[in-house]
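All chains are identified by letter, namely A, B, C, D, E, F and G, in their written order; residue positions are counted from 1 within each chain.
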Amino acid sequence: MRLVSLTVVLFLFWLALSGHYTPFLLAAGVGSAVLCALVAARLRIADAEGHPVHLVRGALTYIPWLLWEIAKSAWIVTKVTLHPRLPISPTMTKVIASQKTGVCIATYANSITLTPGTITTGVKGNVLTVHALVRDGAADLEGGGMDARVSQFERSA
Amino acid sequence: MMQPMLDIVSWALILSGSFFTVVGAIGLVRMPDVYTRMHAASVTDTLGAGLLLAGLMVQAGLGLVSLKLLFILVLFFFMGPVATHALAQAALHAGVRPQLSEDRTDRLEQPEVEGRQP
Amino acid sequence: MFAAAACAVLVALVLAVARALKGPTVFDRVLAGNTVGTLAILLLAVVGFLTGRPEWLDIAITYGLLNVISTLAILKFFRHGDLAYDAEEDTS
Amino acid sequence: MTRIDVIQHLPSLQVVIPLLGAVLTAFLRRGTLAWGLAAVVTWLMPVIAGALLLQVLQDGPISYHLGGWPPPWGIEYRVDVLSAFVLLLVSAVSAVMMPFARRSVAFEIEGDKQAWFYTMYLLCLTGLLGITITGDAFNAFVFLEISSLSTYVLIAMGRDRRALLASYQYLIMGTIGATFYVIGIGLLYLVTGSLNMVDIASRLGSASVEQFQPIVVALAFLTVGISLKLALFPLHVWLPNAYAYAPSFATAFLAATATKVAVYLFLRIFFSIFGVAISLDALRVFDVLLALSLSAMFLASILAVYEQNLKRMLAYSSVAQIGYITFGLSLANQNGLTGSIVHLFNHAVIKGALFLVLGAVVYRAGSVKLADLGGIGRKMPLTFAAFVVAGLGLIGTPGTAGFISKWYLALGALDKGQWPLVFLIVASSLVALIYIGRVVEVAYFHPTSEAAEKASDPPLNMLLPILALAAATIYFGFFTELSAGAASKAAQALIGGLK
Amino acid sequence: MKLDLILRIGVKFLLPFVLLFALYVQFHGELGPGGGFQAGVITAGMVILYAIIFGVDAAKRIAPQRMVEFMVPLGVLIFAGTGVAGLLLGKNFLDYSVLAHDAPHGRELGIFLVELGVLITVSGTMTALFYAFSERGR
Amino acid sequence: MQHVKTFIGHYNYFITIFLMVSGLYIVIARGNMIKKLVGLALFQTSVYLLYVEPGKIIGGTAPILDPAFKVYSNPLPHVLILTAIVVGVATLALGLAIVARIHEAYGTIEEDEIFAREAQE
Amino acid sequence: MMISYPPEILVLAAVLIPFIGALLIPVFHRAPNLREAVTLATAGALFLTVLGLLDPVLAGARPEAMNIVVVPGLALAFKVEPLGMLFALVASALWIVNSIYSIGYMRGNDEPRQTSYYVCFAVALGCTIGIAFAKNLFTLFLFYEGLTLSTYPLVTHKATPDAIRGGRIYLLLLLGTSLVLLLPAIVITWELAGTIDFTPGGILEGKASGAVIGLLLALYAFGIGKAALMPLHFWLPAAMVAPTPVSALLHAVAVVKAGVFTIVKVVVYVFGLDTLRGSDQSAWLIYVAGATVVLASLVALRQDNLKKLLAYSTVSQLSYVVLAAAILAPISLIGAALHIAAHAVSKITLFFAAGSIYTAAHKTEISEMKGIGRRMPWTMGAFAIGALSMIGLPPTAGFLGKWFMLTGAMQTSQWFAVGVIVLSTVLNASYFLPIVVTAFLREPDDNPHGKHGEAPWPIVLALTATAIGTLALFWLPDVPLALAKSMLER
């Protein structure tokens, strides 16, 4: 089932890329999508981790939220960067990821990295090691706001 | 009526994207160590690239071009953090010490939840 | 306007290249290289518009994919001295 | 396919056959089999080239349109007297050398890498023939890189670990050269919108004075680029190590052909593109070329005198001999160009013979250091007789091919009213006398060394190519219809087009 | 935990799209900038990415070394052979117009075959090089 | 303003020159063989921009005259650039392979060290 | 019987016979007697062939052979004219004698590598004939270089460090001068005249200004290093390390003769006497040649080593020929031609004698030769005849040449030349006569080598023959005189 969904997604991807809808190219698109899906199956990457279709609905609300977070923290980093004294206070810390699946721990970790000012430098179990540009960034993460939002995203599946 | 509006929007997006792009690069030069530089670079990767591409998408209107720009953006957002993470991890692994003003990695010395296999 | 954007990206590119040249660690270079890649993609997109040839976007996508792959490959290489460690060896 | 068809398609076959040969060789595992295939392909080449030359002499230049697209849109293979001459030279010398390869390569290269060696050799041959036959400046770049990349591999296959360094060094410099070339072509493309050599020339012809600047810049890039490839002094530094540490057969093959093809490209760019469009005299580019050529003729020869490794010695000698070729080119008159082109030919034969001799010495004595070779001339009488003959050719004594070259070059200098140059030509051959004489002294009159003690003339399939090339050195000292005759026709065509 | 979670999930997600993009480039070569070369590079990139994350041995199970090395000359043979086919059918080298019932289709077919050859060669070469590098230092 | 326009109009020249010079600088100034190769690749990159815009400066028309030829046969810039890229990649790959073997043979890829080692022998 | 062949065939045969011999000699590598037989047979056949050409040439024929046009202007072609005929005749005759002598010398001294020795000898002779019969400057140049190259292994034959050094100087100087000066001279000649064929009366008349003629003359004079004009003479003493028959070949039969022959040939057939006279650019050559004559004699005067003395004597004698040519009087040129022949037979006699002494007594220094004439009467008798000829006294061949030269110099009022000839005669006498006196009249010292008699018979036979030749040429000069005279016909 996941394979079919992957095939469909891939074919849509093809259509978006192609822009030429001749019979030959459409057929080629179908063939390519099927081929890719089969290869994915052979590589054993078309599983819940590699093709998490179930999370699409949650993503629809999560992504805008994340984008806004990114914008906010990017602005903070910008201010720091352009400040004459470069007022950074690099901090390493650890935070707990309360998500249950790997995909969502990864989502949390990547969301941390994606927001400027914080980077996930390591994942061990459900403990994430984080490097923050300023102390406040670390403190925000330790507060668990983002962790809760990702968990909510996980539950939406 | 619509076109000038769109133009203004796209101008704003592109210019602000350009701004953040440059800011990220400035940070890349100014920051003191590799980890702090990563933070700066991610400004370019996220907001800079995002706004710039969004501006271009507005300029291009609905269509294949915008879709492709979107793909690029998606690629940045999905794979950027993966690469950054790999980089940070590799640097730590290689023994490149971050210059820290505070190290709070021991705050979970008594972890509430045992590490488990996802 | 595209020209202004292109100029901005070029300025950023110069800064990034400066960092790549300066290092000091290999990871600084890889980071800078990755940023150069990102900027190059942006430049491709912008210049594609500037010259009215949006088919450059395909090149940009290609470049983006290769940028990710090469960054990961280089990191692997510098972490292990080769590209060939197997999953079992990795304990980090 | 009818007979007519074959003749019609000779230009493409000249390139396609070695290319397919290279591919098929890549599938093979056994060295001998690979040699067989490479040999068959190589032996076909002079047949095709000869047929092309005859055809050109009879009916004038041949234009072959790849894919049926007419120039300037499609890629054109263009065969005129000059290109047919160089094609024949490259393929014939390779064909003569080919029997030598089997034992030499088997001796110097590990079993499982031999097929790979022949693949690279055929690929290199493809590139060299391609450069010569194509009429498209960008296509020439592609062939240039095909030949260069395979050359780097060939060099890196040398036994000494320094072969790797030599290969790396050449890769850096060769790539810079090729990039300069393609930048030059790019500038021309920006200016003319064309990549076809004939077309570029005709478009450049209508350029106005203010458009000269990019043209001159393009010329500068092309000059530097090709000069790197042909190892024009002082851009030669890659060559001595490359020749010294590459497998012996590769060295002989490259020395006889690769730089010659670079010279061909030089001639094409200068005389068929720029010379037709603008007056080169005004640029004083030939004055610079003359100065560099003279430096090469003397300095490189002197370096050869002090070289203890004979392969390196001959390599420096090659740099010097390239100086002769560019010297004639810089005269830019009928006799000078004839000298240039005929020396291209003669030097290929002579240097081919000399490097094959060294290959045989490696095979029998295991060393090409002068100190190891005392008395080797007595132990390998036929091989060293060939060395002496070819050495005389290098010096340019009458009765050898080398003399013919010098004769024309001297006439060219006189035609230009530059009689002091005549003395410089002959004076530099005196230096050749010194470095060749030094080897002869050691080989014949020094006590027999340890390495030479067990040496003897190599087996027939190695010896015959050596003797054939040595004999050719003498033959082309007397019978020059094929060398100087064709060279003079080619020079005439080039000079005739000049503005 | 044997594999880095983030890398593993990121790459797993990406791989199918990489391959599809390669095929897209392959089929649209004659329309836009693209063709066999990029497709080959991207395909090889996919194998390399897989090998980096899941190990070279796993990659070699999917794309065995012998096969990869065989692909190099095979691709050249395909595209050179296509050119020769034009020759054999009485036209010039690289003239594909005779490969099908009419000239445009012949050309399309010819270009398709050539691009296919390029794809095979390039992906084979890149992967073989990667394997060669990964063997060093072992 | 005129200068700005000239600059923009000839941006490919300037980028070309910039890449060329910086690439060559790296090739010459660096002793590390891999860095040299990177410089070389950068240097080769400078070529691409020259082939972006087919020339219209002299000789009147661009090479594509007949629309019928448009699809397949003209020296389309991207084909040229692509070819240049192929060459560049192949060169880089081969260069890296050679450097890897140099590393095996000498235990270093610093030119100075290698030459010092050769000089000793 | 040879005469019945057409002269054209004989020309070709004369050039080819030595080379064929050179190919045959190694076939009998393992059978020395057969090998030497081949050498002698080749020498004999060559002489007969050349002799066969004499009558036609005397009768005014100028037979030609072969015409391979290498490139326009350069042709491998032969044409026999009187001077070349004379040279070929002398060289081929002396080769027979020298071969006989060589057999004795090489076997007597048990020399190594005899096969290659005889091969090189044959090739050298072939080249000499090629020079003699060359129709144009290219052909001459070709064989001129061939002669240098084929004699180089003979000079270095002993393979000792000294021999290698001597060979190095020999090769560098002879090839060097010819490549650096002679070749440009030929190129310039071709560029000026449009031909490089030897033509009676010359080819440069009206083709070049006086200064260019002067430059060309200098190029030829010094480019022809084999003529050993000072200061380019020192290869000749350096080459004395060679075995004696080789020295004979160098000094008498081939090498230096080829040098002066070429100079005479160039003066007569390239410049033309009239052109040179008209240009007024040749006077310096008289001074250079004159200085060489005198200086070389002075050096010879101080030598104790017999072969060195003979070498400097040769340098001096060669410049007679150059001097005679530079005088530009027809009669002095006849003298030059005669002197080529006369010096050949006389000098070979002297070298044979020196080699004979070395073979029999292992002596090389004059001071060791006290009373040696009593043990070796044939040898020293021949030496005395040769010495007289060197001085230029009748009844020896040397007198004739000098007489004609002197006449020419006086006719043209070249008083410097006259002075040189007279002075050098005195000098020659003062270094040759003491040797003869030492050999016959001084009491021998204690002989560390024990008793010795004459050298092996082939050596004695050879030197006797050449001594007779030295005398015969004085009494029967008809043929050389006739040839020398017809050289100047236009």
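By definition in this document, a residue touches a chain if its C-beta (ideal position, glycine included) is under 8 Å from a C-beta of that chain, and two chains touch if they have at least 3 such contacts.
Quick caveat, the model's predicted, so the values are computed rather than measured.
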Just tell me the minimum hop count from subunit D to subunit F, counting one hop per pair of touching chains. 1
Subunit G reached from subunit F - shortest hop count over touching chains: 2
Which of the two pairs, A-E or E-F, is linked by more C-beta contacts? A-E
Nearest-to-centre chain - CA centroid comparison: D
State, to the nearest whole Å, the distance from the C-alpha centre of subunit A to the C-alpha centre of subunit G. 100
Between subunit C and subunit E, what is the separation of their C-alpha centroids in Å? 23
Taking each chain's mean CA coordinate, subunit A and subunit B are separated, in whole Å, by 12
Would you pick out the residues of subunit A that each touch at least 2 other chains? 17, 102, 105, 109-110, 120, 122, 124-125
Junction residues of subunit B, two or more chains touched: 24, 26, 38, 68, 71, 78-82, 85-86, 89, 117-118
Multi-chain contacts in subunit E, i.e. residues touching at least two other chains, fall at 1, 4-7, 10-11, 13-14, 21, 28, 32-33, 38, 41, 54, 133, 136
Touching subunit D in the complex: which residues of subunit G? 68, 70-71, 74, 76, 138, 141-142, 145-146, 149, 153, 156, 159, 163-164, 167-168, 171-172, 175-176, 179-180, 183-184, 187-188, 190-191
So, in the complex, the side of subunit B touching subunit E is made of residues 78-79, 81-82, 85-86, 89, 117-118
Of subunit E, residues touching subunit B in the complex: 1, 4-7, 10-11, 13-14
Taking the touch rule as given, give the residues of subunit D at its contact with subunit G in the complex, in rising order. 392, 395-399, 404, 406-408, 410-411, 414-415, 419, 422-423, 426-427, 429-430, 433-434, 437, 441, 444-446, 477-480, 484
Contacts from subunit A onto subunit B in the complex sit at residues 16-17, 19, 67, 70-71, 74-75, 77-78, 81-82, 86, 88-94, 96, 98, 100-102, 105, 109-111, 113-122, 124-127, 129, 131, 133, 135, 138, 142
